[in-house]
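Look at the two complexes coming up: chain A is in both, with chain B in one and chain C in the other.
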Partner chain A sequence: MTAAAPEPKANMGKPLSRYDAVSKVTGRATYASDMPLANPAYAFLVTSAIAKGRVDGFDLDDARAVRGVIDIVTHENAPKLKESKLFSNGGYAGTTIQPLKSPDIAHDGQIIAVVIAESYEAAREAANRVKVRYTIAAPSATFDSPGTTTAAAKGQNAQFKEDPKVGDFAGAFEAAEIQLTASYDTPTQHHNPMELFTTSCAWIGDDLVIYEPSQYVYGLKNGVAEQLGIDAGKVRVVNPYVGGGFGSRGSMTPRTAIIAGIARRLNRPVKLVATRDQGFTITTYRAETRHEIKLGASRDGRLVALRHEGAELSSRADAYCVGGTKTTTRLYACPNVDSLVSIVRADRNTPGFMRSPPEVPYLFALESAMDELAVKLNMDPVELRRVNDTTNEPIGGKPYTSRSLMACFDEAAKAFGWAQRSPQPKSMAEGDWLIGYGCAATCYPTQMGPAAARVRLQRDGRTRVEIAGHEIGTGAYTVIAQTAAERLGVPLEKVAVFMGDSDLPPAPVAGGSNSTASTCSAVMMVCDQIRQRLFKAVMPDSLTDKAKETVGIGQAPTTQAAKSDRPLDLEKAFDTLGVGVVEEYGEWKPEGAPLDSFRAMHSGHVRLVGGHQMKDKIAYAFGAEFVEVRVNRFTHEIRCPRLVGAFAAGRIMNPRTARSQLMGGLIWGMSSALLEATEIDERNARYVNDNLADYLVPVNADVAGVEVILLSEQDDHINPAGAKGLGELANVGTNAAICNALYHATGQRIRKLPVRLENIEV
Partner chain B sequence: MPDNSSSTPSGFDRRAFMAGAAGSALVPITARAAAPDPPAPAVQDPSAPVDVTLNVNGKERRLRIDARTTVLDALREHMGLTGSKKGCDHGQCGACTVLIGDRRVVSCLTLALAAEGQEITTIEGLATDDRLHPMQQAFVDNDAFQCGYCTPGQIMSAIACVKEGHAASEADIREYMSGNICRCAAYPNIVAAVKQAAPEILKG
Partner chain C sequence: MRPFLYQRATDPDMAVQALSAAAAANNPLTQATTQPLAGGTTLIDLMKLDVMRPTAIVDINPLAQGWSAISPDGENLRLGALAKMSDVAAHDEIQRNYPVIANSLKLAASAQLRNMATLGGNVMQRTRCSYFRDVSYENCNKRKPGSGCAAMDGVNRMHAVLGISDQCIATYPGDFAQALIALDATVEIMGKSGSRSMPFAELHKVPGHSPDVETALQPGELISAFTVSGRWPRSVYLKARDRQSYEFALSSAAIALDLQDDTIRDARVALGGVATVPWRAREAETLLKGQKFDDGLAQRAADAAFADARGRRHNSFKIALGKRVVARALQQAVAMEI
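This part shows the complex of A and B:
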C-alpha cells in the first residue's frame, strides 16, 4: 500500500482506487468545455473597466470589422431575461446584479458586452476592439472606504437568523480574572478552480442543453429556466466532471442565461470560455472580514465570557454573509456568550461561499485568540482547549452527537512531537532559521440534504446507479460506487455510477460538505428497496428480516439460522421473480428536514439541515492541526515544512479519497495564511492581481511534509451513512495555527492575513 | 481536406505573421527542416484561415484554422483532443502542457503554426490499448489528483521532468513540477507518483 491508501481503522471503508482514476489520467474524463458541439459560435465577454457608473455608449465599428464576427450583444440588444432572487432568499442566483439589463455598472469587471464570432480568436480580437464610453462615479472599494454602509446581518440576510448569545457576557467579562481583547482581519480571496468558468449552450428545438461546471445542476437548471421564462423540464445541465469547485460553482451566475439567450437567438450552439481574470468578477469570492474577540477566563483557563463580533463585506445589491459566529460561539464551554455580525456594503461584485465559508475567517479569529489567551495564562494551548472542551454546546445546551476534538489534539500532538516544543517564543532555532510550533482546533458542521437515486440491478449483477451528484474532486463517484457495491453485495467493478446531469434524480448542491452523507444515504436506501423487492422474495422463510437485509448477492447468509443455506443465486432469484431487471427509485431526506424538502429538491432549492440547526442535538466534525514554521532571521522568508492534522468525521467511506481531501485542505489552510489575497485598488475598487501568476496559490515547491491522521469515530445520530462531511474540515484553523507558530518563532503576534515576509519584524 | 501541395505545409508566411504580431508574447519558432520559404506575399490578413498540418500522437492532422490558433485550441477545438486543458491561457498554470519533441511546452502559448513539422504528444498519446503509461499508473496508485483537471498537464510535465533528470530527489521533483498548479493541492501525492514512475521511465 502506498501512503495514499491508509490502512482502514474501525468504521472505515476500503481505501480503493478512484472509480474515475483511469479516465482522469488518460484525458478521457470530459469536463464541460470538452463536450463536442455541432458548429459552435464562440463568445467572448467584454467586462467593465470601471466599478461604478454607467455605459454612455459603445463604438463597435472596429470590432464588427473583424472577420468572422457574428454579433455583438450589449444592454441595447441583449435577450430579455427575468430576474432571479439570491439563493439565500429563495432564488438560484449568486448575485442579483443582472448585467446587460441596463447601462448601469455596479462593480468592476461586470459583463457589459458579449462578442459572438465564428472562432475563438476572432471573438477575442473583436472584444478587444470594443470601445466603451463611461460616466464614472467614485466607487467604495472595501472597509473604511468613503461611502460604505454598515448594518447588522440579522434582518437583511434570510439565512442569518440569530446572533447567538447566552448568559451575561458584559458582567462576566468585567469580572473575569483574565481578559483578552484582540482584532483580526482576513483578506479577499478567490477560489480559482483550475477549470475556467465556461458555459456552452445548445438548443434542440425548445430544449436547452447546458454544459457548464456546476456544483448544483438542479439549481442551475431551474434558475436558467426561470430567467428564460421556460419550463424547467426543457433545460438539462450536464457536467460529468467538474474541474474544481470550492464553492465558486454552487449558485447560478448571470453568464449562463445570457449565453443561453444568445444561442436561442442565433439558433446555433454558443461556447463561452471566460478568461481567468474575468473569473474574478463574473462569479463570487470570499469577502474580506474583520473580527473583534473578547475572552474572559479564570486563572485555571476556564472561559467565563466570550464575545465575537464580525464584519463582512458585500455588494450594494446583496446582503451576503457567512456568519461564522454560529460556530465560534459553540465550540468551547462558556456560560456567557455574546456575538454580532455586520455587513458592510461596497461597490463590489457579490461574494459567496468559498471552501469552509464561515469557519475559515471566524476560526482564524477565535483560534488565534485562544492562543493569545494561553500565552496570558502561561498555559499549554492544547491544555487550554482541554479545559474548555465540552459535550454540550453552550448556547442551547444541546449535546454534540459525537466530539473527538481532544482525541484529535492528542493524536496529532504525538505525531507532531509537540512535547519537544519549548514554550518560550524565539527559543527554538536552527542556523539562520527561527522555528515555531503552533496548533489550532478545526471543526465543521455535519450537514445533509434531501437526495434521490435510481438503482438498476441486472441478473448478471451489473448495477447502474443514477444520481445528479457532482464529482468536483471529492471522490463522489468512488464512494457512491462503494456504497452500492457494499449494500447490494455485488463486485465493485460491476457498478456503474452516473452523475452530473440534471436529468438524473436530484441531489443537493455539492457544498457545505454534505454530498457524501446525502448521496450515500439515498443510494443506501434505494439499494435496500431492491433488497425488499428481490431478496426477501427468494430468501428462505427461516431467515430473519435482519439477515435478509444484510445478506448480499453471492454471499452466504451470516446468521446462525441460515448457515446451511447456499449463497443467493441471483439468476435464480430473477427467474423466480420472473423479471429481467430490478430498478428502484427513492427519495431520502434527513431527520428534521423541512416539510417542503422533496418539492424543493426537484425545484433546485437547497434544504440542508445539520450543524447547530438540529432539534435536540448538534453535529460537527472535529480535528486538530499542528504546524511548524521557519522564519529566516535575516530575509524574513517564511517556510512551512510540516503540517500535521488529525481528524474525526464519523464513518470514513474511503480512507484514500478522505486523506487526499484533508491533505489538500491542510495545504489550502497554509495558503490562506501565507499566500492568498486578492489585492484591491482602493481608488477604483478593482482587483489588481487577477491571474494565477499574481494571485498566489501554492505550487509543489511550497509544500513539504503533510501528514493526515484519520481517527476512528462512530456516530449513529447523524445519517444512515454515518458520515460527517470532511471536504471543508482541514482548511479551517490552519491559518490560526500558522500565526500561532509564527508568534512562537518570532514573538510577534500577527492578526492580519496573509502573512508575508514584509510583515515580519524580528 | 485542403490541397496541401504548396512548398510550406501551411502556405502561410510565418515571418510576415510574426512581424505583424510583434510585441505579443509568443514562443520563438524553433528551426525545422523544410524547403526554402516562397516569396512573402505583400499583405496578408492575419485573420484569414491557414492550412496547418500537425503531427499529434504519431498521426498527421490537416487543419484549416485561424492563424492565431494556439496548439491548445487546435487540439481542443479543431481535433477533438480535449485531454489538454485550458486553465489560464497565459502559461501560468501548466494544465495545457504537452510534449513537443521531448520538451514540455505550455500549448496555450504555442501557436499551432509554430508547431508544424514537430512531434506533439498529448495525454491521449501515452497509453497503449491495454496498458497505462508508467506515469499514468503511478498517478493512479498514489491518488495524485482530485478533480483531475490539471492532471493531463501534470503527467506530461512529470514525464519530461524525469527525462530531464530532475527527479533525483523529492526536492528536485517539487521544484521542477512547480510550473503545474494543482488547486486541489495533491502535491505530496504527485511527488510520490513521480518518484514511483521515474526508474521505469529512465529504464526505457
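This part shows the complex of A and C:
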C-alpha cells in the first residue's frame, strides 16, 4: 500500500490530517440522527410487500393495541402534500412516485403506512403487526420481463440532450479492417452507505428544522418547503456530517415531507430511522444496464468507427437515465462515431445517482471492448490506448483542458510490473491459482457549480468559514480549511469551518465530484475579498493595484495566488481599518455558468457546468488502473490481491484525502466487478438480498494491496482552484480492468457483472 | 421485534424447567414460545426480523462454567455446548489433532461473531434463505407450514442441491456441523427427564414434508456437549465462497482420512453449503475405503457424493463446484504432512 500521506509533488497541497479526524475516531462527530430532540415521537415505516397493485385495506387493531402507539398514518389520513417534480425536470425529487397519496402501489417496498409511537421499539412492534390487504397486479421486473416499454432517452429526459455522433459510422465500420461487436451487462446496485436513511423533523412555531443525511441541504430545504406549501425561508436542513452518500442522498426522497407533515400535525418532533432493507426501496439505486459496442479499427490499431448503444432501466413514472455515451463517444480519437441510449420502463422504484453514474456502466462496456480489440489485434492494450489517445474529443473537436491519460498508463504500468506479464491467456499461475493481469482507462468529467461563502477573519487570525457544503466522508472540511488557511496566511488550527446547514451560504449538491472545485473556488474568492480590504488599508494605492494583480479577485488561477505570499501585518491592517473583525460574503460561479445561476443556487437547483458541456473545451480527469486477479483452478474462486491506479486531476488539494478517495474508489470498483448486485425476484419485481449479509461488499481480507499514484498536473482552464473532481474517478475503470484480467487468467471473456465463481469455466 | 420475558438460567435444571414450562408438547422446537439464548447471533437477529417471536427467552450463558470446557484427553474429545467458536478454533490441541474442527470454526462468520457465538448455538443456527428471513414473503413452508416455498422458483443461488424436498430447499448454512458429522460425533442432550445422547448425524432432519422441524431436539431440551472418539490429525475443511472471509459456503467439504502408505483405511466425507442438513457422503466414503488414492479415485468419490443432487435455476453450479471441492479436499488431506 502507498503511504497514507503521500509526499506532495508539483501543484499539490499539503497532505494534512483530517480536520475532523479526532471527532470521527472519538465518536464526537454528530450525524443527523444524533441530534438531540425534545421529546420526540418515533416513526417506523410500513412498506409494501408487492410491486404493483393497490392497498384494499388495513387491519390496524393489533398494531394500535401496542402500548405507546400514537398514530398510524396511511393514505387514508396522511397529511396532504404537494407534488414535486423530478430534479432533472426542474424539481427537487429523486422520484415523482408519492407514497401515501393514494392506495396505489408502483414499486416494491413503497411506503404504505407510518407508525408513530413513544419509542422506536413500540413503533417497530406495531409496524410488524400491521396487516395489509392488497389487490395484486402482475409487475414487470426488469429487462425482458413482459410488459416493459422501451423508448429513446432523448425526448423523455430533459437532461439527456443528444445521442452524440459524428462522421459516417455505418460506412466506416463496414469498411474497417478489424471489426468487433460485443454486448455487456451491468447489474442493479444499491449504495448502502453506513449511515441509514434517517429523518428527524422538529417544528418551532412555523419554522421547520430537518436533521437528515443529505448531499444537498439547499435542494432538500426548498423541496420540502414546496411539498409542504410553505416558504423555503422557514425550513432549515442540518447535517454537519453525512455517513456516506455515494449519490443516494443527492435528491429529495418522499420520506422527508411525510415526516415533516406528521410532525406538524402532532406538534412534536418526529424521528425516523429507516431500516437497512427499507433503504433499498425508499431511495434510489443504480439501475441495471445493457450495452452493445461496435468497434472498427485499422490493423495498426487506430479506431475508425465506434458505436455505443446503451439501455437503462427506469421506473414507470420517471425517465431517469445516466447516458454515459457522452463520455464513451469522446474518450478516444475516432472519426466516425454513433450512439443511442434508450430507457426501459418497469414497475420499479426510480433509480438515481450512484457514484460515477454514467461512467461506471458505460466505461465497463467500452474498456472491455478495447481489451477485446487489443486481443484481436494482438496488441498490448496499453499501446492500443496510446495509438488512440487524443488532445481533442472527436464529436465537437474541442480540446481537452488537460489530459494525462497516457502518463497515467505509463506510471501505473511501471508500478504494477506490467512488463512482467506474459500476454498469452492462462500462461501465469502459482499453486492452485491462475493469475491474470488487466488494465483499463478511467475518467470522470470535471464539473463545478455556483457556490457562495462567508469568511470572517479576526485580528488574532482566527477564521470562520461558512458554506453549506457537505462532509460525506471525502475530506471537505479539511480541504476547505486548508484553502482558507493558505489563502489568508493563517495557521490551519485557527480556521473553523461550518458546513451541512442550509442557513449557511449555498453550495451545490455534493455530487458529480464538483464539491472541492466549487466550494474551494468560492472560499478562495471570498478570502481574496478580505485580503483586498486589508491590503487597501495598509498600502498605498499603487501597491494595492499590484496586490490586486497578485492576490486576484474572482477567478485568478490558484497557482499565481499561491505565489503571492505577501507579508501582511494583520494587526496594523485591523487598526487602520478600525475594526476587530473583517467579514466578507461572496458568490462565485464558474465560467460558462448559465445566467440564472445565482438565483438557482439559492432556490436549491443545481447548475453544474464542465465536462463536455463547456463551450470551446472539454474537461475530464483521467487515470489508468491495473489489477491482478487470481482464479482458483479447483473452486473457481476469484480474488483480487492487487489494485494499482495512477491518476491526474489537476491540483491535488490534499494528497492524503485524495488518496483515500481514490483508494476507496478502487476497492469499490473491485466490489462492483466481483461482488455487488441486487438480486431481483422476477416473478414479483422485488429485491431479495436487501441486507448487508446478502448484498456482498468486500471485507478486509478481500483487499490486500491497493496502490494509488498521484500525478502532477496543472490545469489553468477549469476553475480558480485548478482542481478536477476525483471522488468518482477511481471506481470507473476497475470493472473492465478486472474482466480484462480474468480473460488473461482464464482465456474466458466475461461481459456480465458481477463475475461470480459460477461464471468461470477453466 | 416483540416484547419478551427475559430469564437467566441459574443452573441446568432451572433452564430446562423454564424451557419446558411454556412449551406446548406438539410444537416443533422452532415454533416454541420459549427459546434458549446463547450468543444470540442467530436468535436475536431472527427476533429483530420478526421471524422468530418467542414470548420468553432463557439465557443459558450463566451455565458456561460447566458447559464450556474444551477437553481433548489425547484419545477422545469433549466440547461443551457453550464453548465459544473462537476459543475452540484457537485451541492448540484441536488444531493439531482435529484440524477439520478448528478450520471449520476459523473459516466461519467473522472474528466478532466467533467471539460471541457458541458451539451449541452454531449447530442450531437456522437457514439464511432470504425468503425465510423476510416475513413480507407469504410463502415459506419453514416459517409458515403449508404456505409454499418462494425460493423454489425464486432467487435460489444459495440454496441446497442435496436433501431437498418439494417443500423446502433451504441450505443448512453452518460449517462446524460438517466436521462433527464427519467425525461421527455424539451430541449430549439435557432434558426434563435427565440426559441422553445421540449420534450427531441424527440431530438434524431433512425438510421432507415438515421443513419447520429442523432437529430431533424437543422443546425443553438443551445441547450440553459434543464428543468425538479418536484423533483425526489428517483432516481438512475446504470452503469455497464469494469472499475471502465472513461469508457462508457455496460449497464446502469436511474430510478426515486414515491413511496407511497410500491406502485409505477409513474415510469421512461431509458436505456443507450444498445440503439442507449437515451432509455425510457415505457413498463417497464406501468408494474410498480400502483403495489406493489417486486423482481418479478422488473424482469418482466426488461424483458419488453428488449422484443424487438436483439443482434449480440459480444453484445448479453447486453440483459441479461441490465435486471439485470434494476432490480437492481429498487431495489436500492426502498431501498433509502428519
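Here is the rule we go by: the second predicted complex is superposed on the first by the 732 of 762 C-alpha atoms of A that agree within 3 Å, B and C clash if a C-alpha of one lies under 4 Å from a C-alpha of the other, contacts with A are read in each partner's own complex, and residues count from 1 in each chain.
Rule of thumb we're sticking to: a residue touches a chain if its C-beta (ideal position, glycine included) is under 8 Å from a C-beta of that chain, and two chains touch if they have at least 3 such contacts.
Here the structure is a predicted model, which is why all the values come from computation and not from measurement.
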item: First (chain B), second (chain C), both or neither touched by A:E121; value: both
item: Contacts of A:E679 with chain B and chain C, given as first, second, both or neither; value: second
item: First (chain B), second (chain C), both or neither touched by A:E637; value: second
item: Touching partner for A:A693 - first (chain B), second (chain C), both, neither; value: both
item: More chain A residues in contact [chain B versus chain C]; value: B
item: Touched partner set for A:A701, first chain B, second chain C, both or neither; value: both
item: Touching partner for A:L757 - first (chain B), second (chain C), both, neither; value: second
item: Overlapping contact positions on chain A, where the chain C interface meets the chain B interface; value: 121, 125, 693, 698-702
item: For the chain B and chain A complex, residues of the former touching the latter; value: 45, 47-48, 65-66, 68-69, 73, 76-77, 80-90, 92-93, 95, 122-124, 126-127, 132, 136-137, 139-152, 155, 173-175, 177-192, 196
item: Footprint of chain B on chain A - complex, ascending; value: 2-5, 17-18, 20-31, 33-34, 36, 66-68, 119-122, 125, 192-196, 241-246, 273, 275-276, 471-475, 656-657, 659-661, 663-665, 667-668, 671, 691-693, 697-704, 706
item: Residues of chain C defined as touching chain A within the complex; value: 1-3, 50, 110, 128, 130-131, 134-138, 150, 153-155, 157, 238, 240-247, 250-251, 317, 321, 324-325, 327-328
item: Chain C contact footprint on chain A (complex, rising order); value: 47, 49, 121, 124-125, 128, 277, 432, 632, 634-637, 639, 674-675, 679-681, 683, 688-690, 693-694, 696, 698-702, 756-758
